[in-house]
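Both complexes shown next keep subunit A, but they swap its partner, so subunit B is in the first and subunit C is in the second.
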Partner chain A sequence: MSRVVVIGAGLAGWVAANRLADNGHSVVLLHKGLGGLQLGQGSIDVFGYDPARVTNPIAAVAAASAPHPYATLGTGSVVAAVAYLKQLLPGLLVGDPEANYQLPTAVGAIRPTCLAQPSMIAGNAHDGASWVIVGLRRLKDFSAELIAANLSRTELPDGGRLQARAITIDVAARESEIDSTGLTFARAFDDPDFRKRFTAALAPQLKPGETVGLPAVLGLADPTAWSDVAANLGHDVFEIPLPPPSVLGMRLDQALRARALEAGVRVVPGVRTVAFDAEGGRVRSVSIATEPAPRSFTADAFVLATGGFESGALELDSYGQVHEALFDLPVTTVDTALFHGDYWGPEQPLFTIGVPVNAAMQPLDASGASVYANLHAAGGILAGNAGWRDKTGDGVAAASALAAADAIGKERP
Partner chain B sequence: MRRLTADVVVIGGGSTGAGVVRDVAMRGYSAVLVERADLGQGTTGRFHGLLHSGGRYVVSDPESATECAQENAILTRIQSEAVEATGGYFVTCPGDDPEFADKFLAGATATGVPAREVNVSEALRNEPRINPGILRAVEVQDGTVDGWKLVWGAANSAREYGAEILTYHRVTKIETNGSAVTAVLCTDLRGGDEVLIDTNFVLNCAGPWAGQIAAMAGAHPVDVIPGRGIMIAMNHRLVNRVVNRLIYPADGDILVPAHTVSIIGTTDVKVDNPDHLKIEANEVQQMLDAGEVLVPGFRNSRALHAWAGARPLIKDDRVAASDTRHMSRGMAVIDHSERDGLDGMLTIGGGKLTTYRLMAEHITDAMCDKLGEKRACRTASEAIPGSESTRTHRVSDRLADREADRFDSQIICECELLSRKMFTDALAAQPNASFDDLRRQLRLGMGPCQGGFCSLRAGGIAVADGALDAERASGLFRLFLRNRWLGIWPILYGEQVRQTALDAWIFQGTLDTEHLPGPDAEAVEPDPTLAPTTTKES
Partner chain C sequence: MSAEPNIEPQTKATLAGLGFAGHELSRATLDACVKCTICETQCPVSAVTPLFTGPKFVGPQAERFRNGESVDHSLDYCSSCGTCTLVCPQGVQIAELNSQARAVMKADHMPIRDRLIGQTVLMGKVMTPVAPIARAVLNNKPIRKVMEAVVGVHADAPMPPAQSQSFEGWFTKRAKPAGPFPRGAVVFFHGCAGNYFEVETSKKSVEVLEHLGYEVLVPKHGCCGLAQQSNGLFDSATKSVLKLCDDLRSAGADLTIVSASGSCTGMLKHEAHEIMGVEDERLHDVGVRTRDIMEFLLDLYDAGELPTDFGPIDMTVPYHAPCQLKSQGMGKPALEVLKLIPGLTVVDSNKTCCGIAGTYGLKKEKYEVAQAVGKPLFDMVKETNPDLALCDTETCRWQIEQSSGVRTEHPIFLIHAAYGLSTLA
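Presenting the complex of A and B:
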C-alpha cells in the first residue's frame, strides 16, 4: 500500500481521494477551503454545448478534439467516471450519461446537464409544462418574476413552450432578518417546523397540476427536506441552483467528503499547501503553511487538484506571465492576446491555459516528458478548457481524477 | 416633432454644461441643456476624482493654482455632499529633486494655495503605505469629488430654477439665419422624437466634442485637441489622503482615494477621436510602475478597473500641438460673432473639473455682455440641493446608513453597500435608465466583483417590482457586464483574475446567461459610439 497525497477538495480532489482509497492506498487530502462544488450548479455536467446544445453528452465527448482534455481522456474514462460518481453518491445523483437534462437556472435560462440531484429533475423542461416559480422575499439572489418571465419567452430545446408564473412569499428564515443567504434558508429548511410554516404560506396559492420551482435551499443536512416539502404541498417540486454559495454543490461536497472519510481518507482541512520537495524526478513531499513552522507530508504519489484561475492555483502576474502556484509546472501558451474585449464573445484565451498532461495525467514539460514521475494533475488546472461555456468542467474533473488515481494504482510498487 | 423655446440652449452635460445651465438659470434665463448620453458620461466621469488644492499648479501654472484654491473652498461649501475633504500630501520620492519642494512652497505662498511642510515621519505615520524613502512632504488641502454627484447636483439646482435637462438627446443641427443662431435641432435617442428648440443663444460646452458642435453651426473649425489620460482604480484605499509626487507635473504623479478605491493617474497622449480612447498595455505598465514609486508593493494590490478620459484642450499656439500636458489648462471662450460672423453662440474649452463653477461664471458673464445685460452670478454663495448642511461626504457614510436600515432593506451590492431601496428609488425616478446610468449615481458594480453579484440582483429586482420586463432587464444586465468588462480586461492580473473566473463560472457556468433568448443587445444602447470608450483591439 502506497501513500498518496491529494491536494484540493473540489470534485476532482474528492473523486481522486475516494478512488485511491478504494484502490487500497493510504490517502491524505489537504485542502484550503470548500472547493469548486460550492460555486457551481450542484449537478454533474459532462457536455452541454459543442457549441450547439448537446442532447447526448457521451457522443459529444467522443467527438471532442485537442486541446480539449476529453481528447486525451477518451470516452471510456468519462463513462467510467460517471458510473463511479453514481456509485459514490447513490440516491444523490441520477441520470443517464447519454442524455442531458434541460434544467432552469436562476436567470431563467434552460441549461443542459448530465447527472442531477433528484430534487432538480422535476424541472426538466418539456413542452406544455405548467410551472410556478416561487421566490422568497428575503432571499435576494432569486427573482421568481425574472425567472418565470424568461422561461415563458424561451423556445425549449425540444421546440415546445412551457408556462411559468411567479409567486413571491415572505417567510423569515431568521426572525426580523430581511437579508438572509441561501445557506441560512437551507438550514431553516432542515427544520420540519419551518417547512410546515413555509408550506402553509405557499399551498393556498398553488393551482392544481402546477409543478413548483423553488430556489435550491431545501435543506442542507436533511436529505428528505425537499421531498417532505413536496409531500406537504401535494405538488411536484424542483430546485433551481443559485449563485454561490451553492447549497446543491455543498450537498455533493458533504456527501463526497463523508464517503472519503468512510473509505479511510485522512482529510486535513483549512490548510494551504505552499511548497514541495523533489529529488530524482520525483516529488518527495509537500508542505502546508502552519505556525510556527511548515509541516510536510511525504508520499509515494501526489494528485494536484487545486483548481484553475478561480482558486488561485493558476496565477497571472502583473507582467502577463501565467504560473502554476504550487509546483511551478510548465503551462501551455496561447498565440493570441490573453484577453479580448467582448465579454459575451468566445472564451477568453487566458482561461484555456493550464497544465498539459499525458494519458496518466502526469504534467508535461516542453519536450513532452513528465515533469515528476509521481505527480498527477486533475480538474480545473488542466489545459484546454475552462468548462464553463461548454459545460464540460465536471466531466473533465471526474474523469481526470479517476485517470490520475488509476494511473497511481497501476504503478503501485 | 416636439418644440421647445428657451433663452439659452446649453450643449453638453458634463461638469461645464451642468455648471453653465445652473448659472444661466439662476440669472433668470430660461434654459435647456442637451446631452447626447448621460450626465457626466464623458470627460467628467473619466477622471481620477481629485478636487485640486491648487498644489499641482503652483509652479507650472500659477493662475490655475489660485483659481483651484478658491474654487476648492467654494465647492467644499456649496457641494459638500459631493466632496470628501481628505487632505493631501506632495512627497519627494527617492530620486526626485528635493529642492523642488522649495520652489513648490514659494509658489504656494505666491498663489495663495494653503501648503505647509511637515516632517517625513509625520507623513509616514499618517500614510504608512507610502514610500518610506520619501525625502520631504508638504501638506495641502486636496480633496476628492464625485464627478457624477457634482454634475447631478448642479443639474438639479438648475431644474429648481426652471431649466430643462435633456439627456440622451443628440444635437443634429444648429440652425441659423445666416448671421445668428435661431434654433437647435436634436434627436431623442431613447424616444426617437425630433426636438426643435427655438433659441437665440447657444453655449457650446461639449468639451472634447466642442469642435463637432461648432461645425454644426457652420463655424470655422475649432481646434480641440483631446488629450487622453488613463486611470486605474485599485481595490481599497491604499492611502487616505491624496498623495502627489513633489515634482513638475508628470505621468502617474498622483494617487487619489475616491470612495472605496484608490485611483492612480494619469497619462497624456494626443488623440484624434474622443469617442475611441484605448487603454494601451504600455500605459498600464507605466501606471503600475509609477504606483510602485508612491506605494511600494503597488503591483501586488488588486487592480479593479481602468478607464480613459479626454481632456478638452483648446489649441494654443504657444506650445507644440502634441505636448498637451503643457498647454494652459486655463479656460478659453471663443466668441463666434467676431470669429465667424455668427451671433448667439459661444464655445468654451479647457479648464478643469475643480474650476467648473468659475468657468460657468465666465461664460455666462460673456453671454450677458453679448446680450448687453447685467445679471450677477450667485452660484458661489448658494448651496446645491442636498448640500445645505455643508457636511462633507465621508467614506464611512454608507456603512452608517446601512447599519441604520439593515432591518428594512436588503443590500444588493455588498462591495458598495448599496441598498435595494436606493436602487428601486433611482430606477423609479429614471425608468428609462440603463444600469450604467444608475451605476454612475449609485456606484452599482463598481467594487471588487465588478457586477458579479449585484447585476443579476438589479435585473431581478427591477422585474419583481414591475419596473422592467424580463427581456429588457436581461438585456440591461448583460449589457452592464459587457460594459464593465471593457474597463477590466486591459488591467486584468492577480487577484482580479480570480474574480473574473468566478464571475465567468457564475454567469456562463451556473446561470448559462448567454443562452437566454433574445438579441444580445436589446434596445438599451442609444448609439454605438457611446459605448465606453475602449476598443476591442490592442
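Presenting the complex of A and C:
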C-alpha cells in the first residue's frame, strides 16, 4: 500500500481517489473549493459530436485521433471507466457505452449523453412521443413554453417528431418567496408532503399517456423523490437540467464525495495546492497555502486533476505563454495564433493546449520522456481536450483518472 | 485580561468605513467571483430561512455597492460559519467580507447583548466560584425567560456548564508529573471555555500530552477574542488576541502551542489576520506554532511518532467537525486519529453546521434559524448513538448536547480512554 495525493475534486479527482482507495492505497484528496460537477448537467458525456451527432460513443472513441486524449486512452479504458462509474454510483447512473441518450435541454434542444440519472431517461427523445413540459411559476430558470415550442419544431436524431405542450403551475417552495432557486425547490421536493401538494395541483392538468417533463428539482437528499412524484401522478416523468445551481450535478458531486469518504479517502477541502518539492525525478511533496504557514503532504505518487483554464490549472500570461500552474509542466504548443476572430467558428487554437501524457498518464517533456516518474495527470488539464465542443469531457476525465490510478498500482513505491 | 466588560461604543470612525487593512485584503478577492452559485448551494442558513438572501448576494454582489454603508441588512442573518469561503473554488473571501461589513453595519448601534456575550472570561470568573448556583440559575425556566426579554438570549439556548474548579486551579494544585519528558515541552492553550467550562477536556488533553512524553507548560492566559470578533467588536477582539499572543509567547520561543479549543486555534491561525486585518509579528509567530490537539496527534502519526497501542473501544459514535475547524485547511484530523482505535466506528456527520456558530444561536431572533440549521445533525447524532457524540469545539458541543439530548464530548475523551488513562463513563 502506498500513499497517494490527489489534487482536485472534479470528476477526475473523485474517480481517481475512489479507485486508488479501492485498490488499497492510502489516499489524501486536496481541493480548493467544490469542483465543477455541480455546474454541469448531472450526466456523463463520453462522445457527443464528432462533429456530427454521435449515437455510439465507443465507436466514436475508437475513431479518435491525436491529439485527442482518447487516442492515447483507447476504447478499453473508456469502457472500464463507464463501468466503474456505474459501480461507484449504483442507482444514480444508468446507460450503455455504445448508445447515447438524446435528452432535452432547458432551451428545448436535444443533447447526446452516455450515462444519465434514472430520473432523466424518460426524456430520451423519440418519434411519436407525447410530452407535457411543466413550468413552475416561481422558478425563473425554466421556461416551459420555450422548451415545448423548440422541441415541437425539432427534427429528432431518429428522424422523427415529438409533440410537446407547455403548462405552468404555481406551487410555492417557501411561502414567503416569489422567486425561489432550483435548489430551494429541490429541498421542498425532499418533503413527501410537498410532493403530495405538487402532484395534487398538477395531476388534473395532465392528459392520458403524456410523459411529464419537469425542471430538475425533484429532490436532493431523497433519491426516491422523483419516482414518488411519478407514482403519485401515474405518468412517466423526466427531469430537464437547469443552469447552476444544478441539482442533478449536486447529486453526482455529493455521491462521489460520500463514496470517497466511505472508502477511507482523507479529504482536505478549501485549500489551494501551490508548491511542490522534487528529488531525483520524483515528486516528494506538495504544499498547500494555508494561513499562517503552508502545510506539506509527502506521498509516493501524485495525481494532478486540477482542471483546465476555467479552474486556473492552466494560465495564459501576458506574453502569450501558457503555463501549468502547479508543477510548471511542459505544455503543448500551437503553430498558429492562439485565437482567431471567428467567434462561432472552429475551435480556438488556445484551448487545444494542455499537458501531454503517455498511456500511464505521466506528463511528458519535449523528448517524450516522463517529467516525474510518480506524477500522473487526469481530466481537463490534458492536451487536446475540447470537451465543451465534442462532449467528451466527462469520458476523458473518468478514463484518464482510472488509467492514472491503475498505473500507480503497478509502480513500485 | 481585564474582567471589565468592554461596552464603549465602537465608532464608525474606528473602522473608517471599512477602509482597514483586513478589508482591503478580502476585497481584493471580490473580482474572482464568477457567480457560479456554489457558495449559495452550501450555505446552511439560507437553506432554512429566506431571511438570509445567501452568501453570494450579500457578499461579493452587495459588496460592489458598499461604500462605507451597508446596502443589505439581511447580512445580519449570516452566522459567519465560513462555509462559503471554504467551498468557493475561486478563492473569494465571502465570509470575511460579510463579517467585516456586518461590523460596520452594527458599529453605531451595537446591541448591549452582543457586547456582553463576547465576555467569556467574565462569565467564567463569575460562574466558577458559585457553580452549583450558576447551573441552577441557567437551568431555571422563569429566570431564562426574563433573561430572554431583557438581554435577548433565547430561553432555550445552550449555556456554558459552570464547573466548581477551573482548569488553571487543577493544573497548579495537582502533583506535577516528575518526568522525564523525552519529547520536550509544549505549551497548552486552554482558551476561556477550556479554563472555566470544558475543564475535563483540558485536563484530558494535558494528560494525553504527558502520556506521550511531553512536558506541558501553561502560562497564565486569557481569551482569544473570537466571540467579540464574531459580534463585530474588532477593537476589543484585537486587544484580546494580542494580549493572548504575549502570554503564550512568555512560555518560551519556538515551542509548539497545542489547544483543544478548535475555534480559538482558528482565530490565532487565520481569523484575526484575515477578518480583522491584524498585522503583527506576535500573532504570526503564535499562529505558525499553534496546533489543534487532534491535528497535533495526526501530524505525529504521519511522522511515524504516535504510539498506536490503543486499547479497544467497541462503540459506534457520531463525529461532527465544527465549521471553524474545517476552515483551517487540514480536513478532519480527529476522524483520522480516531480510526486508529480498534473496535471504534466513527461516523462522520457530514453535516455542514450545528447552527450555533459561536454566539449566533443564542440570540433570541436567531434561535429558531440555528435550530433549523442543526436539525439534520441532531437527528443524525440521535440515530447513530443516543449516549455519546464527538465534536471539537465547545459551543458546538453545548448546542448538540442541548438540542439532541446526547452527551457530546471532545474526541480527546476517546484517545484518553484508549491509552488506558481513563475508562469511559
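Quick note on the criterion: the second predicted complex is superposed on the first by the 411 of 413 C-alpha atoms of A that agree within 3 Å, B and C clash if a C-alpha of one lies under 4 Å from a C-alpha of the other, contacts with A are read in each partner's own complex, and residues count from 1 in each chain.
Definition applied: a contact is a pair of C-beta atoms (placed from the backbone, for glycine too) under 8 Å apart; a residue touches a chain by one contact, two chains touch by 3 or more.
Since this is a predicted model, take the numbers as computed values, not measurements.
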Next on the checklist: With the two structures overlaid on subunit A, would subunit B and subunit C clash, or do they fit side by side?
Outcome noted: fit
Next on the checklist: Quick one: is A:Leu39 in contact with subunit B, with subunit C, with both, or with neither? Answer first, second, both or neither.
Outcome noted: both
Item to check | Superposition-derived comparison: subunit B or subunit C, residues of subunit A touched | outcome: B
Checklist entry - Of the partners subunit B and subunit C, which touch A:Arg187 in the superposed model: first, second, both, neither? => result second
Checklist entry - With the two structures laid over each other on chain A, which partner does A:Arg295 touch: subunit B (first), subunit C (second), both, or neither? => result second
Next on the checklist: Just checking: does A:Ser176 make contact with subunit B only, subunit C only, both, or neither of them? Give me first, second, both or neither.
Outcome noted: both
Checklist entry - Who does A:Val107 touch here: subunit B (first), subunit C (second), both, or neither? => result first
Next on the checklist: Taking the superposition on A as described, I'd like to know which of subunit B and subunit C A:Pro241 touches: first, second, both or neither.
Outcome noted: first
Checklist entry - Which partner does A:Ala258 contact after superposing on A: first (subunit B), second (subunit C), both, neither? => result second
Checklist entry - Who does A:Val268 touch here: subunit B (first), subunit C (second), both, or neither? => result second
Checklist entry - Of the partners subunit B and subunit C, which touch A:Met250 in the superposed model: first, second, both, neither? => result second
Item to check | Angular separation of subunit B and subunit C about subunit A, which is computed from CA centres of the superposed model and rounded to the nearest 10 ° | outcome: 90
Checklist entry - Which value in Å is the smallest Cα separation between subunit B and subunit C when the structures are fitted on chain A? => result 6
Checklist entry - Can you list the residues of subunit A that meet both subunit B and subunit C? => result 36, 39, 176-177, 244, 311
Item to check | List of subunit A residues in touch with subunit C within their complex | outcome: 32-36, 38-39, 174, 176-177, 181, 183, 187, 244-245, 250, 258, 261, 266-272, 288, 290-293, 295, 311
Item to check | Of subunit A, residues touching subunit B in the complex | outcome: 36, 39-41, 48-49, 53, 105-111, 135, 138, 140-146, 149-150, 153-155, 166, 168, 176-179, 241, 243-244, 246, 308-312, 315-320, 338-344, 348, 350-351, 386-389, 391, 393
Checklist outcome for this item: In their shared complex, subunit A is touched by residues of subunit C numbered 36-38, 40-42, 47, 50, 85-91, 269-270, 273-274, 283-284, 287-288, 326-332, 335-336, 348, 350
Item to check | subunit A partner contacts - residues on subunit B that touch it in the complex | outcome: 285, 288, 299, 303, 406-412, 420, 453, 456-457, 459-461, 463-464, 469-471, 473-474, 478, 481-482, 484-486, 489-490, 492-494, 497-498, 500-502, 504-506, 508-518, 520, 534-537
